[in-house]
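Look at the two complexes coming up: chain A is in both, with chain B in one and chain C in the other.
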Partner chain A sequence: MNEFMEKKVKLKWYEPKQTYDVIIIGGGGHGLSTAYHLATRHDITNVAVLERKYIGGGNSGRNTTVIRANYGIPEAVKFYQRSVELYQRLEEETDRWMMHKQKGILWMAHTEAHVRQEKARAEVNTAFGAKTIYVTPKEINEIAPEVDLTGGGKWPVLGASYHPEAATARHDRVNWALAEGANKRGVYIHQRTEVIDLLKEGNRVIGVMTNHGPMYAKTVMSAVGGHVTRIARMAGIRLPIRTHPLQAYVTNHYELEFDPIVASTSLLFYVSQTARGEMLIGAEIDRQPSYNYRAGHHLIQTCSFRAITLLPFLRHLRILRQWTGVCDMSPDYSPIMGFTPVEGFVITTGWGTWGFKAIPVGGEQMAELIATGRTPDLIAPFALDRFKKDRTKADRGSAGTH
Partner chain B sequence: MSILIPCPHCGPRPVEEFVYGEVPVVPEEITDPEERDFDFGFMRNNPEGVQREAWFHAYGCRRWVYIERDTVNDEVIGR
Partner chain C sequence: MRIIVDGKPIPAERGETVLVAMLKADQHPTGGGCLCLAGDCPHCLATVDGVSYVRTCQTRAKPGMVIERHHRNGQYPPLPTADRLHEEVKARNIHCDVVVIGQGEAGRAAAAAAEGKHVVTVDAAAGQEAIAIYAGPRVVVRTDREMLYLHPQEEIVVATGAAEIQPVAPGAELAGLLTSRAAEVLAAAGIDLGRVVAFGTPPQNIDAELLQGEIVRFEGENRVEAIVMRDANGVENRHKCDTVALGLGFHPRDALALMGHGLPVRTVGDAALEADVPSCPAAGIVCACSGVSVDDLNYTWESGFREMELIKRSTLAGTGTCQGMGCLPYLRSFIQEKGGELQPRFTARPVNRQLTMGEIAAGAHHHAMARTALDEVHRQLGANMERSGGWWRPWNYGKLQEEYWAVREGVSIMDVSTLGKMIISGPDALEFLERIYPTHVRTIRPGRTRYALLLNERGYVMDDGLIGKENDTRFTITLTSGGTSHSEMWLRDWARGWGLDVRILNQTYTLGAINVTGPLARTLLEQAGMSEPLKFMRFRDQEIAGVSCRVFRLSFTGEESYELHHPAEDSVKLWRALMELGADLGIKPHGLEALVMLRLEKGHIIVGQDTDYDSTPRRIHHEWMVKPEKEFFLGRTSMMRTGRIELDKMLVGFEVAEGVPQEGAVVWHDEEYAGYLTSAAWSPVLQKGIALGWLYYQDGELPTDVTINGQPARRVDLPFYDKEAARARA
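Our next item is the complex of A and B:
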């Protein structure tokens, strides 16, 4: 957070204390949302959020902000639908404008296999509470007339799934509103405070060591995005997480309004328009595991090439900015939330390339878990021990990269 | 980020020609064979630093290349 925003958002900065009820490592969306829900839903405010840089400086301030619930497995549909609904109410609840805008997402099918996949997606979504329908090329044309249904002659559009409740919101504003909401109820936010070790007593985490000294708490939560393996190693646990860079870029201003979010599994890209009129484009993760934040040329080249086959108007725009985040990828493309084999230490990770949409529900559920000491039903399927129990939640097709 | 992988057969080639292959290293402390299998299958070392890894030169000589790379800056340290 820069100095301008430090003044604009009503946050109070205090000196760190020695002990808290709960310490949350990581001031990204998930850490802040957990603090916010602890304070607003459970009246637990003796909480510190420790952020090594500035809040929202991780993936929560680098993503393409797609909010949607059109996932491929029942547990995920129910979970993300709850978040879609929480996002719809969040501006009113926090009294902060987040530029939340319902846009709808079209997920294109260019092959018979993907037609089946998109039809299945609509069925699973409908059965578990998310609104998704299968649409024909004619209907696609009504929703998004800019789409070249011949796919540049090479990737004809055979159909799509359409999920009208999909939305976007300004990521910084989401982070800041949650921070402010938590802070004004008494939650401490300490920026430039890095956790360098965990303090343990037997099989229990009792606090953290930071660059400002030790701090103690009954519960310590890790919410550090792509850097989770380091924290887990301090606790003495191993995770099925690999960190991969994900890049995105924006063009200059497109003078017309472009309403929906357009995605394609075959072509591996997705596009939406920002409030400033820029076209925001994302694609797949880099293939090498890496913590490198540098962006590369290869992505914009291949991705632009593919995006233009479906949306020819993009050809006339110029690329303005490109950036990278490092994502905590789980092997089944589902999140990992909850208790760990170490007492007093809980985690929220596996948010990979899809965790912005889950910020409200992830924080709500983790707050309940911390406050009650029990795993809420909604997130029970996403516990860390699912890998050992052979209960992975494979959902690669719909995790996409947004 | 652009990386050049030093293929011993083809010379330095862009990473996009390769397929990544994990080289799992199960910690020695894990002794139970079942636990070792589980760790091998699911758990990741995911270091912020140097790791040994395999790359399949899919769009080249179609052989496996082993390198050491620093995951913080993507520098290839050696083979």
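Our next item is the complex of A and C:
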């Protein structure tokens, strides 16, 4: 019965060394993906991934696993479209099953303002290579007959954007496949290894101090989620990041009958059915910045209320578990990737509520940056100095959503 | 009474649980597995009246109740249909001093000890299932009739007892296996258990053979027929039986206490016990929910998954309905045996006992949209109402063209009560506004208004509106409909932070506002009692049609316009009077749809639609209203810094050759990305498609000829219509 157990991935653990070429802080999706791409694309394997707890234990194992590219600005559409395509190939490349499934996402519009927003989304997506169309209520009914187009008589659906390439994958399996792929090529992964401080020489980071002692490297990358501002401060950098909790919950397992991902900006929720048959539901970030992982009543109460407004069948499903992650929000809702004013120290952060979907491309690009010493074009718009240069990448297509 | 199991009626007695009724009828809800009768194990789950994953041992039978078994044909239960009848679940809030969860011995003692205080007790056995402790603290309790939200002032006592440990051995999925306590309960219920053998702590008041040694396996077809034990010498003995009663130790039910970490929660009785760690099993199913065997655990351990959380995630043990109540003791003993370390348990999360989304939603408030005092009037006029900026507003009255032309050629009115309207008063009012706004507030003369932007600390546009001055200690300001609630917080935060002596009075809901606009607006107002002309960008208190108004002359539509602010209770009277007086002038009300066209022709921006998170005044051609010579205003520091950086893009106007481009359409120049549209419409008066949008500089210059939606388009100066603004100032 347990066909969903991981049966292929093998991980090996080694004692830490003193020096590496690259140290990656954070054994989540982005850290592991960078290590994987360093090893597979650039033959750089003298790499250590340091993880405070266990790999994939932060947001990489807490997210709602949506993969999509229907963003609001050209730079983001191109970036995430690359990720959508890399995800489509990742199972074959790693020979590991990630439960990757193309589902399509419907983003409901209930007001004229949101109709405009969803039409605009389709415009910019189409122009930059992501497939998104605007669909009418009749077409929505064909794609997702479960949707109550009257919105419970209160929030009628006027239309939606439909992004057929949106997919989901099992987050843990993505993390493990990348960890294994890096690991078997020689990358070290050290769990329960917490970075206490960064070791600096002048304006250069030369290594890290951990609970297992010092480790040195030419390049240190922070791929930390949640506490990134604390790591950056160790380097002497103040990041424009605020950390907010984000909650989600799942129901018990049901037959696989609900195909698409459904989201609504007005009703502020999104839902999909996992490969294991759970209905997975999320909403927006908590307004108050916090590192708190406590789950809240207000979220699950109001989100359920809104979700059953649009999808009445959800009313009768029994809830299994509610949990929380902490999201690093940048002021413009776009990621921050690349070099920092401190030599030898690069970062990938600002992954807010959209980190999972960027794991393959984020790792690919950061690996190229580390290997070549120059910023790849695809992520140049997301450099940290954009805030100083007044070249922020305001993206309403990602704001406060999954 | 009868209940219906898989389409067939079986008898049930009043007060009996569904599970006991089924067992009496020789039916096992899931076919087998060691039943606990205490809501801990996953072996009695079924679909009850359309809701799946219900623990039948916790559910009292009701006449006609429909039970369907899960996992028929190895499938999960189907998703329920949408149209199943339902009643809204009610919620009740109870404020008290102490909440005691669990009414066993320890729970009763805790309740008794709190005598004199307002104590609320809940007990799963009485059908009150505590599903979570949240911050507040708040205890959420599910019952069959309603949801209870308990708000204790002092403390929460968790007295939920302990769960009996499940057996792990081949054959443990057979029927006829019971925990010791379950055996006691079933015997007391009058169920014939047949020949009973017991292991560990035996059940009381039951004639059972107590076995020694260790369990090797359970044997039988569907129901247990024998248990095979191994003695100290390694010899296996087979014991025939009809029922096995297992007292394997206890695992505290402390999930609620763990959830309440950091809150005033006290755990008493068995729930506070150290968890027993059973011996590491050699074979069998460890996690019945996900079907994880000892072999699976061995495999995953050898594959390198050695942290409790990784083992849970890789095997999925503990991720099912019982959330680890069955498997967690064994996962711990397994990891201890393999790695020599007793690892912590996985995190306790809501929900502790299960409930439906319909139940958890109980008591949630519908996010209602505000309605203006004229809402009913609009609906009577046949308006298509639309949610906009947190309000219900007329989108149109079904006659867009007529509404538009009434503004351009005659006279029209619009309900603009949704505008943010604030009085800023007090000795420091002027100083306060000088710091808030980038414009010179002190140069505004009494009785006059000025259009101004609100900037955030980063120097980006946050809101816009008017500043009207009565005197140095009293101003009226307006804000956008959608931005007001945020801007109000913004104003109050800064007033407090700066320690200035100002009062902020939000009159948005108490004042109505009607905009009278069009070349005949003045004629109408004269008929309505406006005694003398009012100059552009001035205001005056004046009675109009018998209603005291503050009249602001301004213009968003491009025509001569008068905004009449008045007590909201007089809105209907004022509206009707204007409509009546204007009948001869051909007056027609207009909605938002016409307004957005009218203002677009004038190039007037809508903050939030045409602006983005990075819109500086410079990028939207509004530099003229920012006075950098002022020593301080919010956003000045950032603006001065970014002001030295070369511009990358501007909000500009476009005219397209044919048709109307899509709002949001991409702007191309020489096949390169050059920007996108924020607003677009067909201009009836200009007879062409016009748009506002962001245009990027290319090689230091703003392109002129571009392509939008495949059509040639041209950047043009704003506004599109009435460039001299002669009409508004007439």
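As a working rule, the second predicted complex is superposed on the first by the 385 of 402 C-alpha atoms of A that agree within 3 Å, B and C clash if a C-alpha of one lies under 4 Å from a C-alpha of the other, contacts with A are read in each partner's own complex, and residues count from 1 in each chain.
Convention: contacts are C-beta pairs under 8 Å (C-beta built on N, C-alpha and C of every residue); 3 or more make two chains touch, one makes a residue touch a chain.
Computed from a prediction, not measured in an experiment: that's the story for all the values here.
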{"item": "Which superposed partner A:A295 touches (first chain B, second chain C, both, neither)", "value": "both"}
{"item": "Superposition-derived comparison: chain B or chain C, residues of chain A touched", "value": "C"}
{"item": "Partner chain(s) touched by A:W97 [first = chain B, second = chain C, both, neither]", "value": "neither"}
{"item": "Touching partner for A:I55 - first (chain B), second (chain C), both, neither", "value": "second"}
{"item": "Chain B versus chain C as contact partner of A:Y14, first or second or both or neither", "value": "neither"}
{"item": "Touching partner for A:T229 - first (chain B), second (chain C), both, neither", "value": "first"}
{"item": "First (chain B), second (chain C), both or neither touched by A:Q191", "value": "second"}
{"item": "Touched partner set for A:P331, first chain B, second chain C, both or neither", "value": "both"}
{"item": "First (chain B), second (chain C), both or neither touched by A:T243", "value": "first"}
{"item": "Common interface positions of chain A, toward chain B and toward chain C", "value": "294-297, 331"}
{"item": "Residues on chain B engaged by chain A in the complex (per definition of touch)", "value": "1-3, 14-16, 18-20, 22, 27, 38-39, 42-48, 51, 69, 71-74"}
{"item": "In the complex with chain A, residue positions of chain C that touch it", "value": "50-54, 74-84, 86, 132, 134-136, 138, 140, 149, 259, 262, 290-292, 296, 299-300, 303-307, 309-310, 313-316, 319-321, 323, 347, 349-351, 354-358, 360-366, 386-388, 395, 458, 592-593, 609, 612-614, 616, 642, 645, 648, 662-666, 673, 676"}
{"item": "Residue numbers on chain A that touch chain B, as the complex places them", "value": "227, 229-230, 238-243, 245, 286-292, 294-298, 324, 331, 387-388"}
{"item": "Residues of chain A that touch chain C when the two form their complex", "value": "1-2, 4-7, 9-13, 53-57, 61, 74, 110-113, 116-117, 119-124, 127-128, 146, 148, 154, 172, 176, 191, 251-255, 257-258, 266, 276-277, 293-297, 300-302, 304-305, 307-308, 311-323, 331-333, 389-392, 394, 396"}
